[in-house]
Structures are given as C-alpha cells and as structure tokens.
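After this come two complexes, each holding chain A, first together with chain B and then together with chain C.
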Partner chain A sequence: MEWTSYLAPLSQGAWVTVQLTVYSTILGGLLSFLFGLGKLSHNPLVKGFSVAYIEVFRGTSLLVQLFWIYFALPLVGQAIGIDLRFPPVVAGVVALALNIGAYGAEVVRGAVQAVPKEQYEAATALNFTSRKRLWRITLPQAIPEMMPTFGNLAVQNLKDTALVSLISLGDMAFRAEQIRNFTQDSVTVYTLVLLMYFGMALVLTAFMKLLERYVGRWRAAGR
Partner chain B sequence: MSDPIIKFDKVVKRFGDHVVLDELDFEVQRGEKVTIIGPSGSGKSTVLRILMTLEKINGGVVYVGDQPLWHQWRREELVPASEQHLRQMRNQLGMVFQQFNLFPHMTVLRNLTEAPIQVLGVSKAEARQRAMELLEMVGLTDQAAKYPHQLSGGQQQRVGIARALAMRPKIMLFDEPTSALDPELVGEVLNVIRTLADEHDLTMLLVTHEMHFARQVSDRICFFDKGRIKEQGTPEEIFTAPKEERTQAFLKAVLDPDD
Partner chain C sequence: MFFGIEWDTSSQWAFAVSIFPILLHGLVVTLEATVVGFFIALILGLVLAALKSAPTRIVRWPAKLLTEFIRDTPLLIQLFFLFYVLPEFGITLPAFLTGALALGVQYSAYTSEVYRAGLEAVAKGQREAARALNLAPGRTFTHIILPQAIPRIIPALGNYLVSIMKDVPVLSVVTVLEMLGVARIIGDRTGGYLIPLSMVGALYLVMTIIASFGVRYLDTHLPKRGLSLK
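This part shows the complex of A and B:
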C-alpha cells in the first residue's frame, strides 16, 4: 500500500484530535480560573473544594482518570440510580479538561498572587469593591503572566489527547494503530503521525503566542 | 474653633512585638495642611496608611469627619467596622503613593476615569472631562493616551495625584510623594502639590523629607518619634526654634547632613 493512502484515515483522526484539543483546552481554561480563584477565596468551603480538586487531579494518572470517567462512573451512577454514561468524546474532553484545569488552576493562583500588593492598595484607596478590583485591576495584569505557561499546557494537552484512543475514540493515534494493525508498516505510519502531531503543536504554539501578545498588548506600547 | 476632620484617639498600632504607634493622639482641622516629619520607623507613613484603611489599628479610635473610621456604632457601642462602613468612609480620602502605583495596563486617561466610572458611577463623558481638566492642572494633557511605563517618574507621580483627585476627596494623603524620584524631577511634583495647598477646602496630610517644601506649604509641622508626636507647631516654630532636643538633632541631621 502507498503511504498516501494512509492520509485519508489519518486526517479523519486528526480532525477528532483537533476537536478534542480545542474543546478540552477551552473547558480546562475555564476550570483553571474557577478553581485557581477558588483556592484564593476566603470562603473555607470554596477554598477547600478547590484545593481538593487540584490535588486529586494533579496527583493521579490521566489515563486512570479517563478510564474512571468512562468505565467506572457509569457503574457508580447505576448503583445510585443516575445515568452517568457518556459518549467517548464527552468522557475524553471532560477527563482532559479536568486534568489540565488542575494544573492551570495553580498557574492562575500563582499569577494572581504575583500581582504586586501595591496594586491592591491603589485599588483599595480608590474604593474599588473586591470584585471590581479582581476583574479590572488584578486579572488584566495577571493574565499576561499566565500565558506562557498556558501555552505549554495547551501543547501538553494536545499530546495527551492520544490517550483517548484507549477508550476507542477515533483520534489520530487510534487511526494510526488501526492502519498499523492492517499493514504492519510501523515506520511509515508512526513517522507520519509524529510529524502531524508536531505540525499541530507548531500551529497551537503560534496561536498561543498571538493570544499572549493580544492580552499583554499594553506592555508593548511605545516600545 | 476646633473642628477636627481627622482625630486619632489613643491609637495603638503594632507589627508583631514592634509598637509603631504608641497611644497616639493627633488632630487635623478641616482645610489644614499638616506635614509629618521624623526618622524612618517613627510611624509617619503608618498614620496615612491607617487613614486610607490599608492598615488596621490595634487600639484606640480614629475619627474621620464625625464618624469612627475603623469602628461603627451599634447600640451605642463601638464595634469593628464592616466593609460597607469602610467603603463609605474611604470616599472622603485620596492617597498618593511613594511608588506612584499607577495601573500599568491602563492608559493615563483610563487611570483617571476608571474609578470615577466604576466606583462613583459617573458617566463616561463626565469622567473624561474631569480627567482632562485634572491632566491640564498637572500639565500632562498631551500624555493622556500613553501608558504609565512610557512616562518619567515625575510625570507618573503627577498622574498619581490627578488620579486621587478624580475621586473628589476631602482629604489628600501624600506618602513621601517625591522619595522615589530622581532629584531633577522632584520640583515638578512639588509644584503640583503647592497648587493644591492653595485650595482652601482641601485638607492635606503630607509625609515628606523635603523640609524646605514642608516649611512653605504647611500650616503645621508634626515631628514624630517612636510612634508619638514629640513636638508640633508652625513651620516657624519647628524650623527656627525647636524646643525638644530630639527635634533639634533630627533637623540638624536632615538639613546639614555634612556636619
């Protein structure tokens, strides 16, 4: 078989990989802010829940989290009488997002805490409410600081999507495995897939760089 | 005629074991321009930071206007102030910081309009107009669209002053406003403060090491030492005939550092 004939099924898989990456990165980003700010909350319940989430998902294997959500959760649901069966795509996106969200939450917390306390004082002196201080003073300064690490996390997430092939989701890694089983042409198939992941990572990195420049455009003014 | 707008009644402030304010009694009259001088660590800045509600107190009562600042009345008893009470009180005060503390992600104009719009609920057009008036006063109308990092230290501090004034405070607190500036930029900031000192209604409380300036603009000078007012009086009294030995030594050290 010609290697070009691998491209059609691999492209199909690539599209699934792109979707998984985009959805789980966006959802993971939201979770990062939710729990990163939650960990800074003065409410002990919110804070405790956020800390627990971050520690559990950083402290366990993504693969096991994925299996747990896809295989174990439906059984737990059955036992308590709720339907917790998810299609593989949903399980995959949720597992990836929960995982990246736990790492991202620490990034958000760190960047928010790194905003100089003088900025809090200036905002207090101008009588901002704590909510407006967060949205208008702290976060606009913290977000540009988060972006380089968020870029790394997004690429990490792209590569982690390969794990979802193990819950029979037809992503790029899954297609590659199928073709290899059929043709035994490991070298060609895996080289192609390697290059395709690399290409996607390049595009993702470039996009994150643009985003970084956009949210921090005030820093470059006049320079 | 005693109508204090600020009153410290036996105020105690500690950082750990270190006593910064030691049962301080201190009053400022409405419209008065008071300068606090003294050695570092004597509690000068702490007085301003307590007034701006950036620093809590450990004892005593602070009054601003006729209301307690860090307390509120509940059934004729003083209880610790709620955030709501603090927000109400803060509206009367504005502060200028040693390190300017401008918002780096906002243009000069937005630094001046953000709080009036977000906190006071002023319309955008009105906030903008007021901001341009203030920029005119501090001589920076041509810098409105720039970001703070594009300005010199002196220009940033003038924006800092304008930003505080945009909230129309009754009391302005200046915490060593020229200490972080290159010597050649001090004058432009002092000139702006001097203009403000001419405003009859505005109460000003200034912590500075610029003794000649303090002498020109102040109605009263307070010399702080070890968390208390060691000596106070008119600039004439303090600078030409200080009574306390500690004041004499401090002024000598500051005014003729070469001796």
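This part shows the complex of A and C:
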C-alpha cells in the first residue's frame, strides 16, 4: 500500500490527539494555579490537600494514574454506589490534566515565591486587599516566569497523550497501531507518526512562545 | 496464579497480602529496566552532547535536530518503532532490552542537555585562568572544568533517573512484565483491578519518595566548589 493512504486515518487520529492535548493542557493549567496557590495558602487544610495532590500525582507514573482512573475507579464507585465509569476520552483528559497539573503546580508555587518580598510589602503598605495583591501584583510578575517551563510541560503533555491509546482511545498512536496490524508496514507508519508528533510539538512550542511574549508584554513596555 | 504464586481471594486483605510478592517480582523488573535504561541514557547522552559541541556545523546541526526530535516525540511511539523496526533490519532484541533501549534513547536527549548545561555553568574565568596558567586543553577539562561541573550534573541526572522509573510502565505494552503489567494481568484474571493498581501506585510513591530524598542528599552533600577527581 502507498504511504499516502495512511494519511487519512492518521489525520483522524491526529485530530483526537490535538483535542486531547488542548483540553488537558488547559485543564492542567487551571489545576496548576489552583494547587500551586493552594500550597502557599495559610489554611492548613487547603495546604495539606494541595501538597498531597502534588506529591501523589508527581510521585506515581502517569500510566498507573490512567489505568487507575479507567479500571479501578469504577470499582470504587461500585462500592460506594456512584457510577464512576468514564468514557475513555474523559478518563484520558482527566488523567493527563491531573498529572500535568501536579507538575505545573510546583512551577506556579516556585514562580510566585520568586516574586520579590518588597512587592508584597509595598502592596500591603498601599492598602491593597489580598485578592488585589494577588491579581495585580503577584501574578502579573509570576506568570511570565512560569511560561518557559509551561511550554516544556505542554510538549510533555502532547507526548503523554500517546498513552491514552492504551485505553482504546482512537488517537494518533492508536491509529498507527491499527495500520501496522493491518499492513505490517511498521517502518513507514511509525516514521510518519513520529514526524507528525514532531510537527505538532513544533507548532505547540511556537504557540507557547507567542503566549510567553503576550503575558510578558508589560515588561518590554516598562523597561 | 502468577510467577508460581497463588492468590487468595477469600478477603480483600488476604488478596492484597497474597499478591504483594507477585508485585515485587514486577518491581524488580521495573528497577532493572530503570537502571539499564538510565545507563544507556548516560552514554547516548554523552555522545549527543559531544556531537552537539563539535567544531563543525555539519555535525552540530544534525545532532541538535536529532536531540530535538527525540525529545519532542512520545516514548510509546519510539518504543513501537524500535520494537517493530529493528527486527526488519535483522536486529532481534528481547522485549526487555528493546524497552530499556527506548528509555535510554528518549532520555539521552535530556541527559545530553544536562551535560551541556553543567559544563556551561562553570564560570568563564576558570577557563581563562587555566589558559593563563598555560594548562593544556585536556588538563583544563579534566582538572578544572569537569570537577566543578559534576556537582551540578549529578543531582539533575538523579531527577531523570526518577523520571525513567516512572516511564517504565510504558514497556508493558511490548510484553515486559514490569510492576504495572503484572498488576494488570492480576486484574484481568481476577476482575479486581482496584487493589493491585492501588498497590502499584503506593509502591511507586514509596520509591519516588526514597529516590527524591537520595537526590536531595546528593544535592546538599556534593561539594559545591567542585569534586576532586584525583
């Protein structure tokens, strides 16, 4: 078979991969801020929960988390009488987001802590409320610091989406495996898929660079 | 029954206790794959780092592109690639070695950056001083640059060792019986995924906590000013 005939099924899979990456990266980004700021909270309950979340999801393997959510969670649901059977897409997005969110939370925490202390003191002296201090002073300075690492995490997430093919989700890796089973033409199929992932990663990296420039635009104006 | 060990499904506790030794069999494979993969990553990374700092662009650029390519593509696909493509070129490796090789290739992209960053972080003045003292380039590298780079390189490599350990479950797709693969087989045969998968998660947590203590210990106990190689 011609290699061009692989392109149609692979691009169907590519679309699933793109969707998975976008959803889980956005959700993971939200989780990063939620738990990254949670870890810095003075409330021991919030802090404890955030630390536990970060440690558990950074300390175990993504594939273990994915299988746990897909295979084990329904059994937990059965025991307590709630239906926790998720379709593969939901399980995949949730697992990816929880995983990347835990790594992101540490980045958020680090960047927030790196904001000079005088900035907090000045904001307090100017009678800012703590919410305003967070939104107007801390985050605008912390977010540009996070961006390079977030860019790496987004690419990491794109690569990790390949694992959801193992819970029978029809992403690019899954399609590749199907085609290989059918044609036995492994060299062409996998070369093609590797190149497609590489292309996607380059686009994603470029997008994250643009985003980095966007969130850091006040810096160029100020200096 | 698995690895010749029976499981006891009379109660949940008995089940958990009875499958623990089976999971430990898998754990050993996980650790073996981690160590072999890490070792391959150390060596391939060194090769990539050397190529990337080659004096000619014809060598440097392809090496940079290759590093970028390896780093931006999923381990799973690289693993499948090696698993199905190598035999077509007459190289038939056992699944375990193919898996360890895939881990090593993927992480060589990261280790090569660790080496590069570690060497570049040595203050420029050190190189200049060595030159002023008329030290030969080889001696400058082994006696001045490397001793100061190593304390930076080792903890970073330690972090990647932990990452490799967390990526080993991917090898289960090519029939390597590491811990997660073992847990899934137990789940498939007994219908009870919850206990084996939760135990794997807990064991991973224990291993990564121990490993991160180790990395932190190295980070704080390696001499900051340099490690004498004499």
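Keep in mind that, in the parts below, the second predicted complex is superposed on the first by the 221 of 223 C-alpha atoms of A that agree within 3 Å, B and C clash if a C-alpha of one lies under 4 Å from a C-alpha of the other, contacts with A are read in each partner's own complex, and residues count from 1 in each chain.
Just so it is clear, a residue touches a chain if its C-beta (ideal position, glycine included) is under 8 Å from a C-beta of that chain, and two chains touch if they have at least 3 such contacts.
Small disclaimer: the values here were computed from a predicted structure and weren't measured.
K.L.:
A:S186 in the overlay: touching chain B, chain C, both, or neither? Say first, second, both or neither.
P.N.:
Once the two structures are laid over each other on A, A:S186 reaches chain C alone.
K.L.:
Just chain B (first), just chain C (second), both, or neither: which does A:F49 touch?
P.N.:
So A:F49 meets neither chain B nor chain C here.
K.L.:
Considering only touches as defined above, state whether A:Y23 meets chain B (first), chain C (second), both or neither.
P.N.:
After superposition on chain A, A:Y23 lies in contact with neither partner.
K.L.:
Could you tell me if A:Q141 is touching chain B, chain C, both of them or neither one (first, second, both, neither)?
P.N.:
First partner only.
K.L.:
A:W3 contacts which: chain B (first), chain C (second), both, neither?
P.N.:
After superposition on chain A, A:W3 lies in contact with neither partner.
K.L.:
Which touches a greater number of chain A residues, chain B or chain C?
P.N.:
C
K.L.:
Under the stated touch criterion, which partner chain does A:N127 make contact with: chain B (first), chain C (second), both, or neither?
P.N.:
So A:N127 only meets chain B here.
K.L.:
Under the stated contact criterion, what part of chain C meets chain A in this complex?
P.N.:
69, 71-78, 80-81, 84-85, 88, 165-170, 172-173, 180, 184, 187, 192-194, 197-198, 200-201, 204-205, 208-209
K.L.:
Which residues, counting only chain B, touch chain A once they are in their complex?
P.N.:
Per the touch definition, chain B meets chain A at residues 52-54, 87, 90-91, 93-95, 97, 99, 101-106, 114-115, 118-119, 146-147, 149-150, 163-164, 167.
K.L.:
In the complex formed with chain C, which residues of chain A make contact?
P.N.:
Within the complex, chain A contacts chain C at residues 55-56, 58-65, 67-68, 71-72, 75-76, 155, 159-163, 165-166, 173, 176-177, 180, 186-187, 190-191, 193-194, 197-198, 201-202, 205.
K.L.:
Help me check something: in the complex, which residues belonging to chain A touch chain B?
P.N.:
Contact set of chain A toward chain B: 118-119, 121-122, 124-129, 132, 136-137, 140-141, 218-219, 221-222.
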